[in-house]
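One structure is given below, represented as structure tokens, and several questions about it will come after.
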């Protein structure tokens, strides 16, 4: 029963096989192979418009380079206080941008509160350069706490961005899980809602290292080839990232894997919801479940073989915790099996089915 | 007949298979898996001393982070004027170090001339801060022009480094080819000669993306975990880099592949040496062959299907070129077959065997 | 009646005269003149220990270079949420450090709450590199809201720094005003309390551009000459910064000027405290007065010639503001005259004395 | 007899007086005072077109920020191999640009050879991102070796820039001396010749710290306010830089001072030219004289009180030096007196007049 993280999972067989299938032969390096070009085109098809795509090796690279692409001197990017870019990337976004600042904005359930965003943005006036200048807003979809921005919620953020003339970035490390949760199209969850740049993640959902930066306005990416190369993210044999995406996108495998992970999370969520000793911290809308639980009980489960993560309590729930309560995070992945869910149910129930 | 670059080749079957073999299952992310730890230990064994190892995704990352690890304010790193770090990395080393400078040093056959290095270093005096301060010397082994530093030549450089108190970095993108060429041990080509940090490349020699930074003094790498993470080079499923190295190092596969590539280069070299219409630019000591040739003849060969690269003539040969002569580069790899070499011989000869 | 900022004031006559006195003649450039050396030594005398001193041109430079001197990869520096470095320097500290992060810590009256600092620091664990690593704490003395850290309050912060092994920086843009307020010695307010690096400001208190970085452990500053030069803060005729400090420190002029400014602030404070239509936001402990006031009344005063600044309400008072209330800031300087204070009293009272 | 450097000189009395004249009173900070605005306008008048002007504190800041303003990812700026930006600024230009590269271009007499510039630029092709991309050319006027680009020579460089779509920067640390040497207008030496950005220096010619960045196309400077502030070069009391320029430009004082310095250099030049024991390295066209001389004789003069600088021999003269010969640099300034020149003549001659 290992629900520690979806990045603890391995590689989906179809993706591993595709890597092997392309292993032989010679091909142009540095993103110029036919396979690279073909898969890049596939992204335009997927998003129903011409996009500029750049393959990179890690989600941190995708996010950081996206911000580098919209960088401004004295720039400030706004994100939720739980965002991966501000909590878990060791300052990479600031470093890739030569010192821009990430400004946390609060909001319930891992989502930026539009009113609070407006309030933060008001602190920056063109005639007061000392504060710096807004350069981007970044939202995470699915969020860090397993929820999903509804289309209207993305609209609300992107309207603010438009009114301030700053781009909207979406960290889609769990893009597939969010999409599977909402049941809309990639276009409807992104550029049709005003998203300008997307970090499209494959790694957490069955690839081994496949991330794509997607620019919905290709002209905004004209310097990206240099930015990516200078950041050591242009792989010589980049076609093997393309090969991963080829298998990943083939026949909607990616959505199938995400749906599977989400379904497993829903099952865990149900199991936990039914247990009176704990309560969900937020709704389970993708492949992560967060539960508020007495630490002793959590430790008991962990001792019995449960793999999961004690999560630092975010602002919007910290005050609702009783003395010994903590937040526990469960993450499912494409590789989570029915058996694991069943064993977890047994663990919670205290006896086998 | 594709001799354009060794990074046009794919992945060796044993390495592809090993990726597949490890595809299933869960394991700790971010370099903490058993496999990661085991392969890291393997490097210490390989180099006959305890080393600190960091897996990264590209050679540019390995080189740039190595320099970042030894960075100093106003720092100047010295390298040969043909070095990859100064010619082909789009400013990544400078960017990763926040603006250090790469100072080219001339030298024949792709190797830094120790006397010229001393002369350059003399320009930097502790009491003249305006010039900045030396921070490292970087040599490439095998060099960019297919030659190999002899042990004594490395000694000469490292003695200068010691006398100035600056570390010596080795860009080993073609480390295996150099080692196969010299027939000495990894230790004898590195730390026993005074090398402090090594970029150990696997990508060009049969991996798809496997590079390792090797610090011979582990204490010099104490900040590297943060430096690597901040540079977006800590892969979540880093065990798949480890898996590549596992197969790569198993049973000396890596040296076998390098020997094969070198042998093919030797054959090309012989073929070209025998042809009176061209002459070798430098000795063929690893897996690259450079020939000085009339451009018309080169174009004829290329038109007939030869894949290779017109190389900007380096300083030490540019003056020896006749009017229409150019430099042509051939690179062989683990994947270069006997058939290709034979077809090339036929092409040069003008008729089938 | 101009209380907009102390940096709107000019240059004290004694300092202007001293610039003129040193105008003629030749002297070594780049900080090597006798005058430079003599004034540097004066700082060691002033602080009763050997210090390393670096003259720079702006307070932002002093603060940013101080942080650059203690920089670490993935570094996070902690400061109060109202600190100049995080609100008013356009990202300079982040930029000078190549992307370190400033983490705001709340606290009443412009001072870091030690408990909250401890809580923030707990988020960084050596085994969790994703969060980055603490690199410094920075306090502002006098604070941005006109209060002054008491000796014991500095002790509390520096003890936390010691326990975490990170240095303590003091932004002393209004160092003289704080010192005059506390009536203790420079040593007692700094290194005897655990301060490691000080930005010693002269500009706001009568110089035109004279700031000094003071390192209480000179060995911690060994790279600073390069860091400063690379940041374009090594003036060729730096002796004219030294000349400003010479006059500034002569016969305790600096403390006299600060005492005068503080006394004027105390008078403004009294006038406002006596007026029932407003209330002080915080105690007046240096040369700044903040008052909570109905915006209409503030506008009336401003219309009648009052120069001052509407200050964005900090966290610790924002909830105590009634509907139309705002925070108004008054700053006095060495140049503030009795007449201005009297005219302000008349303005508040509504009729001449 | 101190000819070490023009930055060893002090401040011209008229400039010192003007600082004192403006010392009293209150004025808007951060470049918003009436005086700032008035002197900014004066620059537009001086250059006969609307320019954007930014005052900064050091020449290194002006040069580095000029390059920061035209920065590109993987950017490479071209300058002469003797240029101050590459030899004497401790990596500031690279650091301010987050790691761009300075590429030295050879040329006689301190001037970029246009043919060699073209050859260097050819190495950068839009389809080969690995090399980076050209971002600027920087010329120094007067050059580091005391010569002056003739108008036609500037034309030749700027035409190359135009053809490549990259801006031309002029480092005018000794702008006045060059202008006085050529006897043309500021416009004729800059934008009418295709110069896009100018570092206009006042410090070496009688100011204590007054440098201006001049953008001939103001729209190219729209981010400069943020860039300058973030670089800690926005002085709060910036009006005192304006005050220096006010006096400096008043009644053509600046040109008068430069003419005086140039005349003294011409006299030194004549004295040296007449001496058979040495020979000029280059023509004396501004306020610097370089002479090739036996080191023993140089040491004799220095022992007798001559202040000057042994200059590392540049490429274009190093091969013409005899065994014991070195290059000696003499710099005159606005403050160099007739007496000093006379004493030098006596020293050379070996007896008083």
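Chains here go by letter, A, B, C and D, matching the order in which they are written, and residues are numbered from 1 within each.
As a convention for this text, contacts are C-beta pairs under 8 Å (C-beta built on N, C-alpha and C of every residue); 3 or more make two chains touch, one makes a residue touch a chain.
These numbers come from a predicted model, not from an experiment.
Chemist: Tally the contacting C-beta pairs at the B-D interface and at the C-D interface, and name the larger one.
Modeler: C-D
Chemist: Which chain lies the greatest distance away from chain A when centres are computed from Cα atoms alone?
Modeler: Farthest from chain A by mean C-alpha position: D.
Chemist: Just curious, how far off is chain D from chain C if you go by their C-alpha centres, in Å?
Modeler: 35
Chemist: With chain centres defined as C-alpha means, what is the inter-centre distance between chain B and chain C in Å?
Modeler: Taking the mean C-alpha position of each chain, the two centres sit 51 Å apart.
Chemist: Distance-wise, how many Å sit between the C-alpha centres of chain B and chain D, to the nearest whole number?
Modeler: Centre separation, chain B to chain D: 41 Å.
Chemist: What are the residue numbers in chain C that touch two or more other chains?
Modeler: Residues 30, 73-74, 89-91, 95-96, 98-99, 129-130, 132, 226, 229-230, 234 of chain C touch two or more partner chains.
Chemist: Along chain C, where are the residues that touch chain D in the complex?
Modeler: 2, 4-5, 7-13, 15-17, 19-20, 22-30, 56-61, 64, 89-92, 95-96, 203-204, 208-209, 226, 229-237, 240, 307, 335
Chemist: Under the touch definition given earlier, write down the residues of chain C that touch chain A in their complex.
Modeler: Going by the criterion above, the answer is residues 73-76, 87-91, 94-102, 123, 129-132, 312.
Chemist: Going by the contact rule at the top, pick out the chain C residues touching chain B in the complex.
Modeler: 30, 72-74, 98-99, 129-130, 132-133, 223, 225-227, 229-230, 234
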